[in-house]
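Look at the two complexes coming up: chain A is in both, with chain B in one and chain C in the other.
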Partner chain A sequence: MSIVTVQLGQCGNQIGHEVFSALCSDIRGTHGLCSKKENESYQDSCKERFFCEDESGVPVARAVLVDMEPKVISQTLSMAARSGHWKYSSHSHFCQKQGSGNNWANGYSVHGPRHKEAIMDLVQKEAEKCDRLGGFFTIMSMAGGTGSGLGAFVTQCLRDAFPTSFMLNHVVWPYGTGEVIVQNYNSVLTLSHLYHSSDALLVHENDVIHKICAQLMNIKQISFRDVNQVIAHQLGSVFQPTHTAGGGSGYSRNPLGDLMETLVPHPEFRMLGLRNIPQMPESSLPYSTFSWPGLLKHLRQMLIANAQMEEGIDWQVRPPHPGSSIPSTNKALHFNTSIANLVILRGKDVHGVDLGSFQDPSLYTSWLNPQDAFNAWKTPRAFNKYEKSAALVSNSQFLLKPLDSIVGKAWNMFASKAYLHQYTKFGIQEEDFLDCFTTLEQVISSYTNL
Partner chain B sequence: MYDEALSSFFRNVDTRSGDNGPDIYKGKICSLKARALLIDMEEGVVNEILQGPLRDVFDSKQLITDVSGSGNNWAVGHKIYGCQYRENIVEKLRKTAEHCDCLQCFFIIHSMGGGTGSGLGTFVLNLLEEEFPEVYRFVTSVYPSGEDDVITSPYNSVLAMKELNEHADCVLPIENESLLEIVNKIHQMINCGKLGSTVKQNSLVTSSAGIAKTLQAKPFDAMNNIVANLLLNLTSSARFEGSLNMDLNEISMNLVPFPRLHYLVSSLTPLYTLADVNVPSRRLDQMFSDAFSRDHQLIQADPKHSLYLACALLVRGNVQVSDLRRNIERLKPSLHFVSWNQEGWKTGLCSVPPVGHSHSLLALANNTCVKPTFIELKDRFMKLYKKKAHLHHYLQIDGMEQSCFSEAISSLSDLIEEYNELDATKGGPRIDPSRLKIAV
Partner chain C sequence: MELHSSFACQLDPLKILLNVEICEAGKHICLNTIKCEDDVPSSQEGAGEAGAEDRVDVRYLQWLNGRLRLQWCALHAQHQEQCKLLHKIHLFTSGSHMDQNLGHFSVTEADLTRQPENYKQLFQLLESETLQLEAFLEWKQLEPVYWQWMETVLDNMAEEGNMCESQDAHLEKRRLPEASSCCPWAERLAGQMDRASRELLALQEQLQQLVAQRKAAWWEKVAAAEELQKERFSATAGKIQESVELKLRALPCLRAPKNKMHGSCRLVLRSRHPGRQRGTAGRVPKQAVPAVGAAEVMRELQGREASLQAELQQLREQCRRRLQAIAEGWEGVICISP
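And then the complex of A and B:
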């Protein structure tokens, strides 16, 4: 099954490019560390999922590029073409000239309706190229105007046009100390709207990835490209082909559907966080050895203690003992309760790995069966030069604090009515804001009371 | 090659068959014509331009001139010439706009103290709002200093301020005193340079052709170049690529929290590049520090000791997001931000540095430090107005009444009061409003 990616705005297009680059470079590599047959099956599956072929034999990304100004798309298209290994279709992009001015209302209420037909046309064409459409993967940031506002509108349109397809929104959360002054408004508007039309939100926070670049990757002068490459690596480790538990011998044919099924059992809980291990500079790889028990021990603690990466984990945090009454304050502050978790293992000796520690019922809320709450996908085919790697996609309280912080800051600004005239100018009124705040306070409350 | 970056400010005209040739959209540069309208009610300045090195850049059809000038009288500029030239101006504006694929913004460049720039200039501002309501209006205004030799400059400025309050999207006030100080500083640096350090000539923020002119009594060319560089840096991210683009409409969106509070204090760094200093990161961090120092502001103001409503940093060159973050974290504690915008930073990263530099920074601040400038203006106005000095020159103009003056000073007073109210919140206790309660 194929996935159509929709890249929205500067962030969406920059990240999208890194994702396809990473996927392509992974399948071209000779570091699969598995049988030839396995490798070929992996390559075919990846190609079917993300690329189609054109006459020249160069893989063409199954993607639609959308932006309200031309520079980023133009750069993205040419960078891909220059790589020589893959490219974007020359007919799959839509751009305008004037931008969205970091204004969610402009993206949603003006650009959205104005360009709906043209954009959906492109999406339809990409969808028709797929033998079987597995769903949509949209990439956007929520701080700006296009990715956030137009992105929310496009997501709604996709939902209306493809009511039975799966939709996963990859949302990038901005740095806390500002890239855009009205980012918290744009974020609140985006998240609340996406909550109503998307199946799930897969989140990356710039602050977190920045720390990974600084502390794990040892990059001195971190650029957005560096950040985007780490994000692409993490996404690749989720979306490259794997075998699901009961899926028979072939690679999973419905990755998005499987993801939704395992991780989103209840519509009120749609926020997914992503962690992976190990993460290090490529130059250090030859000098490192990994063991599955070691990797999984760290990954589990990252989950429990809500650690953002494999360094600086708080090992003191423990899940509550079953049967004991847990003081709710303790629980809220330290221990990260999960609804559902998915662990993806790639590389050597993957089949014998013991994942029992992730099935511990004390990690999860009580209203799901622990067997249903945890799933694992595996492949012996190593990913992106890491002999062994593990990714965790988690529907848990990972994002509770950051979400609360964003809503708090937005509310603070809203109370003073600052910048509201910029939104009402394009048709988003105070009541619309209030509705969005209400939606998100509900989400915060739901996750807090797990 | 004629590209998107050039096309933002210039048309490429096929002049082989004369001046009325068609526009060439892609390919080699034939003849670049500025997308501009030059208006003056005297001919001297415009004629000088037309005889200078840029004479081919300005289309003769883009000029509107007269002979007698406005006599440093806002009313003459706004009411008399405004009425007289209205149609002509509208027609020329329409023509220029038609040549644009996508018109995003008008830049109005004028002074506040005289008659034409101030009076006719604000008349044009009104026109732009009427004829092109969706296009942003950025105004670069040169404010008169205390020792201005035009006696009526306070009247002209206050009358113009009312128009700016009501019809501009963003105003970048500039004061000649600040420009002069910067020019002098650079001059000192060049002439009494420290041992072993030479300044790269084409890196001067005051130079246009890479030549440092000898200092004259009032070095307007050098001063004007600073403003030109300001506008270049302001538009760099719209013209060139970068990892975090910042368009002009984003500036308005992020820096104007309430419609009337749209006055932005600007600062440019570095003012020059030392040729042989090779400590990139120290130079980089110094650049950020300088942007917040009093000496680098283009008006006489000290943003560090006043209240920030919002701040934008547009960086050009080899600067990455980590450099930006490091410096924001470093400088933030010494700055005062309004309670509802504690993290109010808007940032942009443009990959292409200005000529002669490896990196540069433009800081735009919506800060209450503009208040003293406005208060002084009001004081100077009141000094004249109380004695009704020179008032008859204005009131005798058709369409001018006493109420024009009282409304204008009232508009300015209201603006000052808004800044006062904000300043009153500075340093006060921070009480976050309570959040919405949801029924569980």
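And then the complex of A and C:
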């Protein structure tokens, strides 16, 4: 079963390229640490998911590239082709000459309707190439104009055209001190629109990844390429094939569906955060050993204390006492309540791992029991040269504070009517803004009252 | 023996035969597995028990509802995959079939070309199915004779039951005169058999009496209930019956057998320009096979979908009105419908 990736805007296209690169280099690597049969099964499954066969034998990524400027797309296409190991199809991209000027309304109300047919045509062609369409994966940033505005419009069109397909939106949260003045407006508009059309929003925050690059990867001059590579590694650790708990002996044939079903069945709670452990420079890998109990202990504390990486975790934060029925306001401060969690384990000795600590009912909200709320996927095949690695996809209060902060800032700007004319002139009126604020306030309130 | 044959009458054996999964053909002819559903369901007691402990957070219900919807989407994707692959098989094997009317292989046939050993299994299944059908045909021919014989047996047994016991002993001796001379134990055996048949008769009478009593009591109950709600009961029952029948008729092929090697109908791919089909020129067309075109099926399904949608809307409206009525009865509660 296959996933069609839609790369939107500059950020989306650059990250998308890194993701396919990471996936391809992982399956070509010899670091699998598992039996040959397992490795072959893993490779076949990954290839079916993300690539299709070409006459030349080079895997062709199942992707559609969309941008309003030609520069990034042509760079992306040529970088992929130059690698020699995979490439994009030469027909699956759409670009224009003008750009969106970081204006969400321009992307949504102008470019969207104008180019809808051409873009949906490309997506339809990619979807038809799949024997089984496993869903759509869109990559975009919230802050700009194309990825955010056009991205929101394209997501809506995808939902209308494929009402029963799974849709996962990967959203990149801008730097808090970002350069785009209206990024908070763009973010609010994007999030509220995506909440209506998409099944799940998987979020990466630029600030967080930047810290990982600085503190864990020891990179001195952090470029966007470094940030994108860390993001790609984290996404790869989620999307590479795994055996799900209930399934048969083979790799899961419905990864997006399984992900959605375990994490986001409830329509109010769609925001997913991602944590990955361990993360370190490739040069240090041969000198490091890992143990599952150690990794899982850190991962669990990262979940509880809402830490973004394995350094600087606050070990003081503890789950609330199980006996007391505590209303949410009295819950231990800084404790991150989860709705549902998915842990993905890859590597050596993965079958004997004890995940009981993640099934503690005090980690979860009261209305869902741990059997429903917690799931684990495993594979003995190691990922990207890490002998053991664990990823956590969490539907929890991870993004409550960032969301609250963005909505707060956007509201302040909106209250003083700053820069609104740039949106109203393209048809996004104040009522639309108010609707978006209402939607997001509802989301914030739902997550706060866990 | 009598019980079995009366069962065989009530339930249509041919239907059962053909409904049964082919692989399980052997054990399913035994009618022991068919249950008699005479028990009145006693579910009325459990209904009123929902107390405070059973209250469920509505968010959990929404969670479950979401999971159901997502599983349905996955099913949809699987079904589409199946259709796509089926189309591929039909397309790639077009022109290869011996029967020019069909033109391409079915899934079973395509699988056989890849794994020829499976032909043995398919052959066995077909053979057993043929044997069952032949047996059924034979039974159908002999059925009237069987019932005549059964009637005479029953009459005989009734007569014998009326005669006094002393005559039974006479009859025993008269019936088996040779037995005593040949083997002494044969006489004992014959005596035991007669005793057993007498006991069986007595038990059967008792059973019939009990059955008659139960039936009488039941009909009394039903008559009483009908007296109470004469018109309403029969009317609603009739309506329910009708709608259930309609719905059941609309869902004919739900019984998809699991490991089926061949099913009850055959899917044939037809191109839109039949003139271009090769090989039909010199052939005598075979007798017309009953076939249904895809467009027809689609139209029918669309019609059915429309009527079900209308019904859904109606039911939703009813629920909404009921909810409003209930909400108006409560003070301080505002009901905002979606």
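Some notes on this structure:
Note that in this section the second predicted complex is superposed on the first by the 442 of 450 C-alpha atoms of A that agree within 3 Å, B and C clash if a C-alpha of one lies under 4 Å from a C-alpha of the other, contacts with A are read in each partner's own complex, and residues count from 1 in each chain.
Here is the rule we go by: a contact is a pair of C-beta atoms (placed from the backbone, for glycine too) under 8 Å apart; a residue touches a chain by one contact, two chains touch by 3 or more.
The model shown is predicted, which means the values in this text are computed figures rather than measured ones.
The superposed arrangement places chain B and chain C next to each other on chain A without a clash.
Legend: residue contacts after superposition of the two complexes on their common chain; A:1 is shown touching chain C, with no touch to chain B. Of the two partner chains placed around the shared chain by superposition, chain C is the only one that A:165 touches, whereas chain B remains out of contact.
By the touch criterion defined above, A:366 reaches chain C but does not reach chain B. Between the C-alpha centres of chain B and chain C, as viewed from that of chain A, the superposed structures give an angle of 140°, to the nearest 10. Contact comparison for chain A: of chain B and chain C, B touches the greater number of residues. By the touch criterion defined above, A:260 reaches chain C but does not reach chain B. Using the contact criterion defined above for the overlaid structures, shared-chain residue A:133 touches chain C, although it does not reach chain B. Of the two partner chains, chain B is the only one touched by A:222; chain C is not.
Figure legend note: chain B and chain C, brought together by superposition on chain A, show a least Cα distance of 13 Å. On chain A, the patch touched by chain B and the patch touched by chain C do not overlap at any residue. Taken in their complex, chain A has these residues touching chain B: 10, 14, 69-72, 75, 96-103, 145, 175-182, 210, 213-214, 219-225, 227, 407-409, 411-413, 415-419, 421-422, 434, 437-438, 441-442, 445, 449.
Residues of chain C touching chain A in their complex: 57, 59-60, 62-67, 69-74, 76-78, 80-81, 84-85. Listing the residues of chain B that touch chain A in their complex gives 4, 101-102, 104, 240-241, 243-245, 247, 249-250, 252-259, 309-310, 320-323, 325, 328-329, 332, 339-347, 349, 432-433, 435-438, 440. Contacts from chain A toward chain C in the complex involve residues 1, 131-134, 164-166, 199, 254, 257, 260-261, 264-268, 366-368, 372.
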